[in-house]
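Let me begin by presenting the structure, written as structure tokens, before commenting on it.
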Amino acid sequence: MEKIEFRPEREQFNYTFGGAKPLFKVRPGTIMELWSEDAFNYALQTPADLSSQKVDLRYVNPQTGPFYVEGAEPGDTLVLHFISMKPARDWGVSAVMPFFGGLTSTDRTATLQDPLEDTTWIYHINRSKNTLEYDARFSEFKVDLPIEPMLGTVGVAPGASEVRTSLVPERFGGNMDTPEMRPGVTCFLGVNVEGALFSLGDGHYRQGEGEACGTAVEGAMTTTLIVELIKGNAPLWPRIESDDQLMVVGSSRPMEDSWRIAQVEMVHWFQELFELHHMDAYQLLSQISKAPIANVVDANYSVVVKVAKNLLPRVSIYNDIHNELRAIASKLGI
Amino acid sequence: MEKIEFRPEREQFNYTFGGAKPLFKVRPGTIMELWSEDAFNYALQTPADLSSQKVDLRYVNPQTGPFYVEGAEPGDTLVLHFISMKPARDWGVSAVMPFFGGLTSTDRTATLQDPLEDTTWIYHINRSKNTLEYDARFSEFKVDLPIEPMLGTVGVAPGASEVRTSLVPERFGGNMDTPEMRPGVTCFLGVNVEGALFSLGDGHYRQGEGEACGTAVEGAMTTTLIVELIKGNAPLWPRIESDDQLMVVGSSRPMEDSWRIAQVEMVHWFQELFELHHMDAYQLLSQISKAPIANVVDANYSVVVKVAKNLLPRVSIYNDIHNELRAIASKLGI
Amino acid sequence: MEKIEFRPEREQFNYTFGGAKPLFKVRPGTIMELWSEDAFNYALQTPADLSSQKVDLRYVNPQTGPFYVEGAEPGDTLVLHFISMKPARDWGVSAVMPFFGGLTSTDRTATLQDPLEDTTWIYHINRSKNTLEYDARFSEFKVDLPIEPMLGTVGVAPGASEVRTSLVPERFGGNMDTPEMRPGVTCFLGVNVEGALFSLGDGHYRQGEGEACGTAVEGAMTTTLIVELIKGNAPLWPRIESDDQLMVVGSSRPMEDSWRIAQVEMVHWFQELFELHHMDAYQLLSQISKAPIANVVDANYSVVVKVAKNLLPRVSIYNDIHNELRAIASKLGI
Amino acid sequence: MEKIEFRPEREQFNYTFGGAKPLFKVRPGTIMELWSEDAFNYALQTPADLSSQKVDLRYVNPQTGPFYVEGAEPGDTLVLHFISMKPARDWGVSAVMPFFGGLTSTDRTATLQDPLEDTTWIYHINRSKNTLEYDARFSEFKVDLPIEPMLGTVGVAPGASEVRTSLVPERFGGNMDTPEMRPGVTCFLGVNVEGALFSLGDGHYRQGEGEACGTAVEGAMTTTLIVELIKGNAPLWPRIESDDQLMVVGSSRPMEDSWRIAQVEMVHWFQELFELHHMDAYQLLSQISKAPIANVVDANYSVVVKVAKNLLPRVSIYNDIHNELRAIASKLGI
């Protein structure tokens, strides 16, 4: 199999989905090893670096991509199988930025209150223990947390000729900020434009559900993935398959609408997979869905609806491509 | 220890939190074995029983209680440790009721569309396998699902002289409909009136997160619990402790507000437990909280914020009452 | 016609809808002159009186009532025709209370930010000009504003045995806080319990739409009204008729749901009034409805949907009771 | 003064804000007479034309523009003074499109219900009476409604390199769908890109507040306006001035956030105009703002906050440019 290793130069980063020229073309079946910069664009390196002083809001959440997938046409399904995500630095960083996050007023949930205190936390990696050290800024409290790498942002160019900033999660994927986007999963995205034009970035060394303060433990990441393509069958919203779960990500506002989107999409998926009437799929899912919140902090809020495969009869999902890619990946020894 | 077994007569059920006279008094430390009727009030017994014909909306979600806890005063913390929840019938039932549920318009999210088809599903229990049989109504599909009993509704009388129907989740608990309210957990509720006046009901043989169609696998339940009381320290919103998790349940609308409530309450809890500055608690929780949705179908939507204890330093929580009650329960052999 | 004048003693005020014993009975056709205390319960009398120090949150929004309307049964329509509302003091008062209002985080839209500065404004009345003097607290700016009296709170006992605080707007009316509840209008409320048990209060000497800071120019008020009763025909949500408008008030969260409720109720009203198909009523109203926000600050948000009568064919509304009461009132010379 | 008359060819229409090349350049001070197509792109011409069959969703809400304003740079304020809007056809059209509108589930507020019946209404213009004839589709009801022309869509290219469909209202203006965008008003938009790149379209012969069914009385329009430019002072959100009102339009979801945006922006405007402390501006506006809903049907919901100028001291607003343009327009005799 073809393998491409790529680390963008600073001027090659893009900050939108859609609107940017592809960096290069890749053939379905290609293995890619992609380096991505942290969401702050390397502007915060110590606790003394404050977001209000150092972060240039025009250049946040830099994306590695877009890449043109050969043969991808609108209506097709882009398949991204994530083999591994490895922290590319020895530290990660999180910050409470003024008027950004879930427990503060924002430019949308606008109030007249003062912002929370602009604060930065640096998390040092302990490679031998595979942990991050959380260091309180206002007391002596410390605790080691497991590294659980994931990508905040994975997406394709939007439809309807739109161009969206990389801060937005939507039908095209984007800044979904769900811990489910981790090594070992396969992500299915509907293709909107020729070549699909996918990008990724926003590596998180770990993140809680909700991403409460607006930023995870942000860090440069080396992601290895296999790019595949299924002709047709574009899902309306991003789907994810892991070894044991089927997932859909809905993104909108208010958050009940994000959930409705994901739950309805899962009903439709179940109708296809098990030839169920929509009322029967609705009922069955009411008793077996999980619904973890992804983020409540981005331009849209994201909710995941997921179902454990072991509750269900064995059935072929996208022609078993997840299992197939999983097998390929395991032989690569990455 | 004192043990009380109680199965209400039909006319003893209550349909509100607050406003009802206590059935009797219990002393802190009492073990109670309580029988609760299903949320449809036994009106749906076969798939031919339709909610629009059989369910009397004035008498849904019957509660077993209220009980007056001796010594409980406003500002105290009622502690309910759930030892076991056992299906009291051999079948459970779920229904899509017209204009009720998450994937339909409702009296609140009002539209001009027709309702979904009024449909009832009966789930038969297989005691030896500990499963429920899901039977599709519109095709031949069947699947066995594990029984995972929980209570949809646990609460005390509200403050401010309010009386609320048992369909509402709020600060006083109530119809939170979270799968986290299961055997082995301890629930902490702020007391608003003398005697606390707690009730429970709405047994679910299992439920997905979100309770998408509006009803779980509803069934009569035998719940064994220990009632305890902590003087003072009333939490603002319901808290739950399990062997491995700390949890808060927030209930409001829109759903981002439910999450905000629960996440802020968890920040405050962390400030107390670890003497953290609120900014440090906010940051730490951003990286370790889980945020499963409880329901998107009740008068208020409920979201759980939870944290794995094993990520944190060992600390005494409510004076270790959960561990203590767990130990007592394990000796009872229930 | 019978006329009752009533000013409650301090201990006669009630703070809920439902749950309180009626003060006395009134016959349909009675004229009532009712005195109501201001929403702060007379606790703020100078700019130096701060809400955090002086306001007892258990005793805010005192209601004058409830009154038992003879013959009123569930399903009937209570008719309240407001003849006049007159400021009962020479000054009104408004305050920004910590974590209360529309441009601050609240107990629902919870954040970790500090509250806005607790501030009180006193508005002195100029009777000859019929104005209120707005006096800036942080600069020398002054401006005279017209007195436009209205009632923030009008309601009946809720259904389903509920008791709600007087801060809540809902189907039963309550704290709708709309400037449309002014002299000259007729309010129609569905009766939920025997005697209807209506109350009113929360006089505003004027209020903007949205009631942004959470409080209007609050003041004691003398309200003169005629109480009438229509057997049956209970509207689902409060309706208001003025000489030139038909109105419905919806109250829920998020605010789009408040609007949906009011707009759907108006569609149903139009179906009745003009024998229109719901699609035709939907279409017509899309082109002629007005939709002023009432408040975005209470436990539920309220939105008014209204239609100018002069755009429509002449039709009998509730048997022309508004016109009839208007005529009676004009003869009274109040 | 220079005057440009322009009617686009079909292939010149654009369907986005941002992303399209300017049609031509205009100098500040230019009078433009612009022809715009209806929002359905002329696809619905009789009641028998159904949106599901005739409307191509890739080509709805066609915009006339964009136009490059000479000298406009990011941070500047584009000023559009609307002199007149004249129906360019003898009929307008409205439709209930499947899963589009305020009283139906949508792709966001997703449910499993069937769509409302796809229906089209044609409104014939009576020029002598200046009315539109509403004709019920399901009964014989007819009524004449005044023509009150307005533009649903006015905007500039967004910031952050985004491109948005013309269905979206946002900071850049766009599909705000407010009846306040009518002849005689001046609209102020913050410039995000060189040349501002403004467009307009979506003429409505009349529209109710909320635009309940999702479409107004849509029609081709001839709009005459004066284009002006103020260096700097870009407002964060669209502002509108009429002879008697100051207005801000906020657009987001849920609808309380749209209101918060507009109300906060008005607080800031009042701070500038009257040198008020933000607490004093908040208080004053709480008593004098009006808050009519614009639409609850677009990708974002829009709310207007407005204030009557006659309640306030006389003050110069944008250097009195509205009055100046009004005077110029009146001399033109359009």
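Each chain carries a letter (A, B, C and D) given by its place in the written order, and its residues are counted from 1.
The rule is simple: a residue touches a chain if its C-beta (ideal position, glycine included) is under 8 Å from a C-beta of that chain, and two chains touch if they have at least 3 such contacts.
These figures come from a predicted structure and were not determined experimentally.
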Set of chains adjacent to subunit A and to subunit D: B, C
Far-end chain from subunit A, centres as C-alpha averages: C
Chain centre separation in whole Å, for subunit C relative to subunit B (CA means): 35
Chain centre separation in whole Å, for subunit D relative to subunit C (CA means): 32
Distance from the mean Cα position of subunit D to that of subunit B, given in whole angstrom: 47
Multi-partner residues of subunit A (each touching 2 or more other chains): 103, 109-112, 116, 253-254, 260, 263-264, 267, 279, 282
Touch list for subunit C against partner subunit A, complex: 103-105, 109-116, 254
Subunit A-facing residues of subunit B, complex: 94, 96, 102-103, 116-117, 119, 121, 134, 136-139, 141, 143, 145-146, 206-217, 253-256, 259-260, 263-264, 267, 274-277, 279-280, 282-293, 296, 301, 303, 305, 311-313
Subunit C partner contacts - residues on subunit B that touch it in the complex: 15-16, 18-19, 58, 107-112, 160-165, 252-254, 257, 260-261, 263-264, 267, 278-279, 282
